[in-house]
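Structure incoming, see below.
By written order: A, B, C and D. Residues from 1 in each chain.
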Amino acid sequence: MKSFHVKPHTSEERQEFYARLEKKNTAPLWESLARLFPNEPTPASVPVLWNYTDDIRPLLLEAGRLITAKEATRRVLVLENPGIKGSSQITESLYAGIQMILPGEIAPTHRHSASAIRFIIEGDGAYTAVDGERTTMHPGDFILTPSWTFHDHGNPSDAPCMWMDGLDFPIVNMLNAAFAEPYPKDLQAVTKKEGDALNRYGANMLPVEFQPERQSSPIFNYPYSRTREALDWLYRNGRGHECHGIKMQYVDPSTGSYPMPAIAAFMQLLPAGFHGKSYRSTDATIYSVVEGRGRTRAGEILFDWKERDIFVVPSWYRTSHEAHTEALLFSFSDRPAQKALGLWREQAPIAPA
Amino acid sequence: MKSFHVKPHTSEERQEFYARLEKKNTAPLWESLARLFPNEPTPASVPVLWNYTDDIRPLLLEAGRLITAKEATRRVLVLENPGIKGSSQITESLYAGIQMILPGEIAPTHRHSASAIRFIIEGDGAYTAVDGERTTMHPGDFILTPSWTFHDHGNPSDAPCMWMDGLDFPIVNMLNAAFAEPYPKDLQAVTKKEGDALNRYGANMLPVEFQPERQSSPIFNYPYSRTREALDWLYRNGRGHECHGIKMQYVDPSTGSYPMPAIAAFMQLLPAGFHGKSYRSTDATIYSVVEGRGRTRAGEILFDWKERDIFVVPSWYRTSHEAHTEALLFSFSDRPAQKALGLWREQAPIAPA
Amino acid sequence: MKSFHVKPHTSEERQEFYARLEKKNTAPLWESLARLFPNEPTPASVPVLWNYTDDIRPLLLEAGRLITAKEATRRVLVLENPGIKGSSQITESLYAGIQMILPGEIAPTHRHSASAIRFIIEGDGAYTAVDGERTTMHPGDFILTPSWTFHDHGNPSDAPCMWMDGLDFPIVNMLNAAFAEPYPKDLQAVTKKEGDALNRYGANMLPVEFQPERQSSPIFNYPYSRTREALDWLYRNGRGHECHGIKMQYVDPSTGSYPMPAIAAFMQLLPAGFHGKSYRSTDATIYSVVEGRGRTRAGEILFDWKERDIFVVPSWYRTSHEAHTEALLFSFSDRPAQKALGLWREQAPIAPA
Amino acid sequence: MKSFHVKPHTSEERQEFYARLEKKNTAPLWESLARLFPNEPTPASVPVLWNYTDDIRPLLLEAGRLITAKEATRRVLVLENPGIKGSSQITESLYAGIQMILPGEIAPTHRHSASAIRFIIEGDGAYTAVDGERTTMHPGDFILTPSWTFHDHGNPSDAPCMWMDGLDFPIVNMLNAAFAEPYPKDLQAVTKKEGDALNRYGANMLPVEFQPERQSSPIFNYPYSRTREALDWLYRNGRGHECHGIKMQYVDPSTGSYPMPAIAAFMQLLPAGFHGKSYRSTDATIYSVVEGRGRTRAGEILFDWKERDIFVVPSWYRTSHEAHTEALLFSFSDRPAQKALGLWREQAPIAPA
């Protein structure tokens, strides 16, 4: 098959020329062209699984003894993809970490351009506050802290709370559009009653003549109970997808679109015994196992996962899922950013060669 | 002023813990938090000016003697920002290079996910072909080769043709959504007459029931004459902007929006004697001087520029322009990508402290 | 004040000319100009109140003895505005009627271009079916039968069911875009389980990669309980509008916009003792009293309304509401059609002269 | 075939009931259902042709002797469809008239909610002014006066100017959203140089960060020369449509969509000898013959038309065009209003039964 580019031969004459190019802040494109224009996505990030119960959780508790939430600002263990070591990222475009807040602690109020999602793994009494409203977080709840909204966390309960953070700061920072500022005080005031956003915007109603103030969902807690119920219904009343099982996306009720401009989030149910067909898509995806046990193949890698595990499948990896028991997987990706730029592709299933 | 994050003190105990974190593909967020969440954009890229006449042009002609367009696939001198050496990029999110095609040469047909713009500096007889139509390129013309369209260049004239390329491959590659393929033959067939797109889509008319096939403009040559005329009109019939002079944006006539999903392009006229006020915006901008002489201040850097020079101003640099003679500046940036993600900010002028 | 147009004087010469104009299918515009271009909306429709309990209900039951639902196709008493007698319409652009279906009856399946809403007044066991799914209707439920979807009604319960229909056929017919067809059989098959749409689309989730098939909401029953709850919340946690009280709009969860292209629907709560300020808007509005007692002033007309009454306020009438007890008003209007055409105006409150 | 509705039998009992219904401002729907829900569009308007040269022009000149433009406010002969006599309309949803302004006259400045188009038939020196800019009108030019913009006409030349007006006031008035007001003086001030809008917005450029102020095109004169050129190009470089020949739509350059919210406008070229296939669409269309001679079949009616004739084809009529010589037809319809409400249908060509 014809090649996109074959790197030209080199010579002393050319090398000397290249050295003079460098002095003028230039470079020969033909020496890099193949690398800059891959035939198909070639991520440096790799598939990784993090064993929450055996590895992450003990390390988090240990971090809890070593540093306070306040001193850390955010006590988080970054899930760093070994394929892009030193980046503090889970893929080239997204960040994920596991945050813990102990009883009595607070993570002080601040805001930043990056959008963030939180997916709750453990704990029932901690809260996230966004723009004056607190929401109590329970396992399986999907929480948002939209770009440039003041947010903080606290834990008035008597047990630790752990969740997965997902942020788009790699994209924001690459565009050099990042701002951040702390709140003048440790904690913003509570100005709205808990449940306000979900009641005000989440009942298939909106306040009359509602004008969104931000490019993100006006609701910031999607409770697991509501999501689980919807998935159960689809499971019992319809056929799932041959690759994805029963899969749904979280939605901004004021637009019907993704909840944040660069981050999409999904919940999927794989029935017991599910053997999904292979698929691939350009949006690398980070999974958090909510319920059940199963196995995912990502390229040559095979992950056996169980409840609370987290794993990442990079862009365009040949992927398929199996579920030994009924399983629920939360996931998120940068699909909205790719769609906004006309770049997203998916083959589900992958057509035979 | 209260700080977003103060890096915690370190200790042997903590360092030992961090080593164990690394083994499990994790890392302590609090060690990187300040770096990942800057208070405001802190690009590593720096303001740079390339002297086309004295530096780039001679080097290009030398490259013309050292390698053929066909062997190079594209004979381009990358404008590499010394602040991000080795990246082959002019800013963290954009690429720019100067391409030359000699009389009789072709640059073979291919396509890729990245969108590209071409801004013509020299030459009157070379062409760019997109999806079966060729367009002859003249200085000041703004040419597009949209994502995934087959394109090539040729020069049937007897003089070299040089132009500035701008591509969004840094964004595409970071999202790991990049595909590329060569055309089966060196050159795609010519299936449409020259001028087709501009006549068909550029006269404030569209074919009845037109459905865009792509997320980019259906016209791919914006001739300088038409643009210059519009700018002249605005100059003689209205007040310019106190920072930007008379500035216009190229538009996709089938949407009224930017010509490509991630790249905006502009042409601005600075009247002789123009002393613009300072401004800053989150979209780093690459300028090509079409006509005239002037000076741009970017942060602490002062550029004296003349015709055909190229310079880059990174994100959020305090910028102001002066024109000694009437001057025309072409420029491009990633403004549409920033707006799609709700990130774009501009202060024009910058309010007094 | 200067006049838009003063009708010219007439003369025998002119009249003779006008007669010749008529023979050529022409007419003198200046004879009609003032009528065709009113200074402000001048509806022929007038404010009307229908006393459901004392007038409509008995007449409906009598109709129930005089004709079957099947013979009538739809057993409906049209609410005809006396200002536009003979039109079968409640305003110039909208239709409303009260439909009754008796135990054991069906209203056969058909479809038409006009969109329809149903607001349930009485009865707990009747159903509406849309595209293979039945939904049981309860008082206060807001039901949609979108344009060109097959729909029918049935009543397997042992009590009559009455509801208000609202349709946009005046708009559809004026545009001469109306199609209609019966289903081959009396009743379409039931292919989905009851509750499917609300579970599938109404939980702030959507099936992954959901593509709407129609320009209307994918959910077709907005239960009163859910709406009442949202309104209660807003009532207890915020200030209502000085004219509208606590007012919310029903929303298409797949767009965040109105549930149908030409019809908006609202529910508003007026606290006991509410004395609203005067307002006016270009969208004539039809109200159905769900709970409570109050009074509405529309121009010079004063309506004392109680539960189950229906009343209409034409376009641009100076309107204000009072509530003697806590009151809930359902309403609908053509606001989306007006907004789509750039025509909607509201003054709430009306600024002092 | 099964019927949508069969009108029930009547009886004395039922008639007496209907009389009591009327007293309570109600009516039996089943007596009107079939009329209100036609199987397919059944316009009362009929196909009509107006012979401009032999009929309209002489009558206009006579009107010119009988009344001044100022006294008439607008000296226009309404093209009134005999199928809807007394409506002052050409179709149920649109208005058309032929306006004449004599040398030295003015048609005073005013504004109204209705949008208007003007298609110039005769004359070269008259102008239309919109929001402070005058544009000189030439035959074949397509002029807009958007909703609520102050507009007026004048004729400083020495020959009369005649043009076809098209307005959407039937839609605006039916929605009862109509406002109108005269300008305080006879003529608004000229604040922009002629050609400003077209230069500023029509060159595939827009002023940087342009925000549309209205829901209509920012350009208000689409010169015939530019449109003719585009059509010629498409004619010589591609195949036309088997029903429509070479047909293009006028476009708002700031959106890529129709130039006004409720009115679409088109120009089509039928090559000499063109024999188009039959088609039908729900948007009734008004044609003005710019060049050439031909014949249009609309249902059972056959029109032989020549230059300057105007004819109307109502909704859903089986239509086909023939051209004896090369012919250019301007046309307009309410297609955008129909599309906004999800109602537009076209069969082109009509599939065999």
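For this structure, a couple of remarks:
Operating definition for what follows: contacts are C-beta pairs under 8 Å (C-beta built on N, C-alpha and C of every residue); 3 or more make two chains touch, one makes a residue touch a chain.
What you are looking at is a predicted structure, and each value in this text was computed from that prediction instead of being measured.
Shared contacts of chain C and chain D, meaning chains that touch the two of them, come down to nothing at all.
Greatest centre-to-centre distance from chain B is found for C, with centres as Cα means.
Look at where the CA atoms of chain A average out and do the same for chain D: the two points lie 52 Å apart. Remark: chain B and chain D have CA centroids separated by 43 Å (rounded to whole angstrom). Spacing of chain A relative to chain B, judged by their CA centroids, is 30 angstrom. Across the assembly, chains come into contact as A-B, A-C, B-D, C-D. Within the complex formed with chain D, the chain C residues making contact are 2-6, 8, 13-14, 17, 20-21, 24-30, 32-33, 36-43, 45, 48, 50, 55-56, 59, 62-63, 66-67, 71-82, 88, 91-93, 95, 97-98, 110, 112-114, 147, 168-182, 184, 214-216, 261-262, 282-284, 314-316, 334, 337-338, 340-345. On the side of chain D, the complex with chain B involves touching residues 192-193, 195-196, 199-200, 202-210, 219, 222, 226-227, 229-230, 233-234, 237, 241, 244, 247-256, 266-268.
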